[in-house]
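Both of the next two complexes hold subunit A, though its partner changes from subunit B to subunit C.
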Partner chain A sequence: MANQLRKRKVMKYVEPLLYLLPAIIFFLVFTYYPFIKTFIGSFFLVDSMGNFKHFVGLENFIRVLKDSNFHRVCKNTFIYTILCAPVSILIALILALIANKPTRSSRVYETMFALTMAMSMSVAAMIFKLAYNPTIGALNYILGTKINWLNNDKWAMIAISIISTWMNIGYNFLFLLAAIRGIDGSILESASIDGAKIFRKTVSIIMPLISPTLFFLVITSMAKDMMMSSLALIFTNSGAIATTANVDTMISYMYKQAVNNLNYNDGYATAIIAFAITFILMLISFRFEKKGVYYN
Partner chain B sequence: MKKTLVIVLMAMLAAMLFAGGASEAKPEASANVRTVEFWHTMSGVNATAIEKIATSFNETIGKEKGIVVKAVFQGNDNSEKLKTLAQANDFKNFPDCAQIAGAGIPSAYTYEQLVTVEEMLGASNTTLDINDIEPNMLRSYNYAGEQIGMPVSCSALLLYYNEDMLKEAGIDNPPSTIAELAEDCEKLKIVNEKGEVERYGLNVAIRRYQMANYIGSQGDYNFFGDNEGGRLAPMTKVTFGEDGTLRNFLTEWEKVIKSGGYKPTEDDINEEFALGIHAMVNMSSARIGKIKALVGDNFKWNVAPNPKVNADDKGGVAVGGSCVVMFNPDKDDEQVAATWEFVQYMVSPEVQFQFHKDTGYIPVNKKVYEQPGIDEWFSKNPAYKVAVDAIHASNPNVQEPFDIINWEIDSIIKNHMVAFAEGRETLDQCHDGIVNECNEKLAAYHKANN
Partner chain C sequence: MKQIQNKRISRRTTISLVHQTLAILLGLVIIAPIIYALLISFMPANQILKRPPTFIPKKWILDNYKMAITSTTLGRFMINSLIMALTSSIMRVIISSMAAYALSFYKFKGRNFIFMLIMGTMMIPGDVVLVSNYQTVAKLGLINTYLGMMIIFFCNATNIFLMRQYFLTFSLTLKEAAVIDGCSNLRFFLQILMPLSTPVITTVFISSFISVWNQYLWPMLVTNENLMRTVQVGVTMLNFPDGVVYGPVMAASILVLLPTLLVFIIFQKRIVGGIMGGSVKG
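Entry: the complex of A and B
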């Protein structure tokens, strides 16, 4: 009897851990172990086979931080993040406000707004690439401009951001719609009775009430955008197809240094610097959470 | 009950976790059939053509000798994949043979599992006479005096021109030097009243590939870097700065830039040429088929040998394309012999002629020109003949370098050449930028790897 009791007690502690085990193993193998290895590697001279040769202190960091290409990719990443996260959330918010009231036809446009979520990044990139062509592309034709979207240093990053903004609208829209629909109708109703117009209601009631969702979207979008590499790699990848202006981001630069150029020294150091910058940005955002986010 | 459920669930999860880790067995060779795994890098029409070679091999020699070739598309860079496997020490998953670009040869050379073409030439089942293979193509995949890979798909840099536009501008022959190219660009450009260029004389982004050709072609031939451009031993520096060939090229190229009819970045170069936006484009012969399909009967176009830097240059063009390298992952000599059968088959005259017709790649086997129907084929497709003649007229020492860090060198050249063309850099800044940055990157590589 006592034995069984003890067994049950042990099981009580062990069982939840067992459930967590698969996730923990994945995290250890694919997140924490590589992170620690990258961190340590960034202080070593590493050869093209990935072997650590000898300790070099901060040499890798100094070289990367002095590299004008790295300055450029940092700038690109910031432009991308600043353009993408707010714009796609704003557009999604407007769409969610419009789609707020469930009607008979709302299913149709809800699906339409959310559909960009289901697009493949590379397919979207290919479609936009055609549209961006300066001489035969649709965009210049419609706008009546002669902009070389992808091959001009000023425009290239904006062009890339537009694709991503468009693609993220669906995801943000779903979250914001759910949040807005979750607001207690009686609050809005009493505001209406008090004479509040749509703008006032949005700014003073809806926005504060959905601020946790907004905060979540800002944080996740920002982290995702700082770590973006897919579009940059698609547009600048090897071969004769793509000769885009420099649209590399911190992570695509890291990838290219490590994988294409077998330069793990620059690759590891870049990864750590990119992580540090993103981490600081996250910390700043969480400070804002205390002031700006309202949990009821 | 609950406990049993927990255990079952745990077991299932564990099984899921480790399922991916189990080593994937190669298709079992049954008693009398051997499977040869071949990784290729081709897509679209070219993939169909290369898979057709495997199929026809399986139906003929393969059937007779009990060999089945399994052609697998592995993305456009096999060297990268092999490198990844090598880093993980996973040589068991190496294919029997793989198609790689020249730049991957020095790293392939370091794999213990590599079986060089040189070693196979003395094998008992060798039917190929290596002298039948074009010498410049052989040299492309020769490292430290040893024949490493077997060339399969080869191409040459050419000047594509819109015949109608040239005629209209009063140009009888396509330019043979960069200076002439600049003059023609000036004549061919069309500028509207707002000062915007509506038609360019030339479109090309100068990258590593084009640069290797323009540097290599100078004089009798010229190497891009030391150790014969990395073909004798690893390349440690670029030599085009100290021997003056880069300055020669840039001085001539400046004339093209100053013509005002040159577009230095590439967007959709094939389509734009086909729409008559550019009168000339500078690209690989591998695109002849594509241009043919895009242009159709809309206008007359042709190709010409790549323009020379100096009028008396004799070097010609570098061989572009790829080769097949062989491996012995299972330490099984009979397996290697089977792979060798297939590699020899790929470069046999009949197969190469068919592959040329399907893809436009220049045949690697000289005996192709003795094949029935070859004259008729070339009379119908004169553009291919220009590419073949360009390779035949070139010095085998004109090659793309084995520069190890080819992607870095590519982006250095690309960035400086665009900056030069757009007036953001002077000739000297462009020259020194390319030379110094290439050398810094090479030095960094050797520091980490010696």
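Entry: the complex of A and C
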């Protein structure tokens, strides 16, 4: 009897852990272990097989931070992040304001506004590769320009940012639409009785009310953009962009150092530096949050 | 009086009609790159290479699609991606629902710690641990295998959080009542809780499917045999004879895009509910 009771007591503790076991093992093996390994590895000399040789302190970090290639990829990553997040959120905000009022056909245009969410980086890259073609592509024809988008030092990073900006419209739109529709209708009505013009209404009433969502989108976009690598790798691997230094980002640089050159020293250190820069940016943003974001 | 009212209503419907038309036109501008790819995919090669570029095919042909399917291994890429996306999504539903069940229906020591441990993984981007994960998978001998391609997508903290939020809306008494009736904990989970949670399961499954189908970097890293490539990697490496490159590539892009596009349009409401972290109930 006592034995059975004890067994039941043990089961009561063990049972929930059994349900959690797969998830815990997964996160330990594929998130925490590699993160700790990357962190420790960045302080070691690592051979091309990935074995840790001996402790070198901050040597890896110093070498990477002094490397002009790394300065270049940092600059590229910042340009990309600064271009993508605001433009995409602004376009999505305008779309959300337009789609705010439900109409008979709203399902049609809401779907179209959100559709870029289903796009993948590689398909978008293939489509824009044709659109960017200097002679037969659509973009130069529509804009009346003669830009060699992908193989011009000045335009290559902008060209990549345009793709990503476009792809993020759908995601940002859905969040902003939900936020705007969540605003208490009576607030907007009382404003229109006051005769507030649409623009003023947007800036002085809607913007503060959706500022938590805007802040969330800025933070998540920034975190995502700082870690971008796919577009840079797709275009440089396929040879569509010849000067890789024009578009390589921190993570694509890490990838190339570790995977192509088997230089894990630079690879690990770059990964940790990229993580640290992003983390610091987040902290700064959260300090700004206290000033600029209104919570009810 | 009535006339004025009628006039007002008709004026309002006109404004609404103009607004809707403009919104749809704007929608077409937003998806213009997709329409562009669609038009080019039906265009004969010599028209694509013409300058200045034209956008409406003079003759609508299927040659590009035939070429994309027959002269490449796109079909095999599709099957690989399908296996990867389906298995990962099923695993995500299983693993995250189990974890969410323990986190919402059990009280035990260390529950909050485990919850924080799981949520903490959101702070660590997958790209930062990419190289180390590659070494782990290589050591396990999983290079060029399906398991290696999808293993890092088997679990996701956001999904666990979403399911936990949903499970928390059920009262604990539901489980207590079932247990008093002689229902075991496992049976309650499988036969009562899961059937009641189909909305959140669909959300997790569909959003996982789209995100895994669209993965590029990891599948590229762990495969180097052509036959093991996924569509996302394959579509960037298609080789066609010079002069007919763009047509078949656009056709292939449309074929790769089609599954996620359809899934998105059909399940839009569910996916929207999913990305908003359960704040919108489906």
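FYI, the second predicted complex is superposed on the first by the 262 of 296 C-alpha atoms of A that agree within 3 Å, B and C clash if a C-alpha of one lies under 4 Å from a C-alpha of the other, contacts with A are read in each partner's own complex, and residues count from 1 in each chain.
Keep this in mind: a residue touches a chain if its C-beta (ideal position, glycine included) is under 8 Å from a C-beta of that chain, and two chains touch if they have at least 3 such contacts.
Please read these numbers as outputs of a predicted model, since none were measured by experiment.
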Quick one: classify A:N261 as touching subunit B (first), subunit C (second), both or neither.
first
Between subunit B and subunit C, the one with more contact residues on subunit A is chain C
*asked:* I'd like to know which partner A:F27 touches here: subunit B for first, subunit C for second, both or neither.
replied: second
### Which of subunit B and subunit C A:Q4 touches, first, second, both or neither
neither
**Request:** May I ask you to decide whether A:L45 touches subunit B, subunit C, both, or neither, giving the answer as first, second, both or neither?
**Result:** first
Quiz item: Can A:S186 be said to touch subunit B (first), subunit C (second), both, or neither?
Solution: neither
Partner chain(s) touched by A:T135 [first = subunit B, second = subunit C, both, neither] | both
Dual-contact residues of subunit A (subunit B, subunit C) 15, 22, 50, 130, 135-136, 238, 259, 264
The subunit B residues in contact with subunit A across the complex are 3, 6, 10, 13, 16-17, 76-77, 80, 83, 86-87, 107, 196, 205, 207, 209, 265-268, 271-272, 275, 277, 283-284, 405, 407-408, 414-415, 441, 444-445, 447-449
Per the touch rule, the subunit A residues reaching subunit B in their complex are 11, 15, 18, 21-22, 25, 45-50, 53, 63, 130, 133-136, 146, 148, 150-151, 238-240, 243, 245-246, 256, 259-265
The residues of subunit A that touch subunit C in their complex are 12-13, 15-17, 19-20, 22-24, 26-27, 29-35, 37-38, 41, 50, 95, 98-99, 101, 103-106, 108-109, 111-128, 130-131, 135-138, 141, 166, 169, 171, 174-175, 178, 223, 227, 229-230, 233-234, 237-238, 251, 254-255, 258-259, 264, 267-268, 271-272, 274-275, 278-279
Residue positions on subunit C within touch of subunit A in the complex are 16, 19-20, 22-24, 26-28, 30-31, 33-34, 36-37, 40, 48-53, 55, 94-96, 98-99, 101-103, 106, 108-109, 111, 114, 117-118, 121, 123-125, 127-136, 151-152, 154-155, 157, 160, 185, 189, 210, 213-214, 216-217, 220-221, 232-233, 235-237, 246, 249-250, 252-253, 256-257, 260-261, 263-265, 268, 271-272, 275-276, 279-280
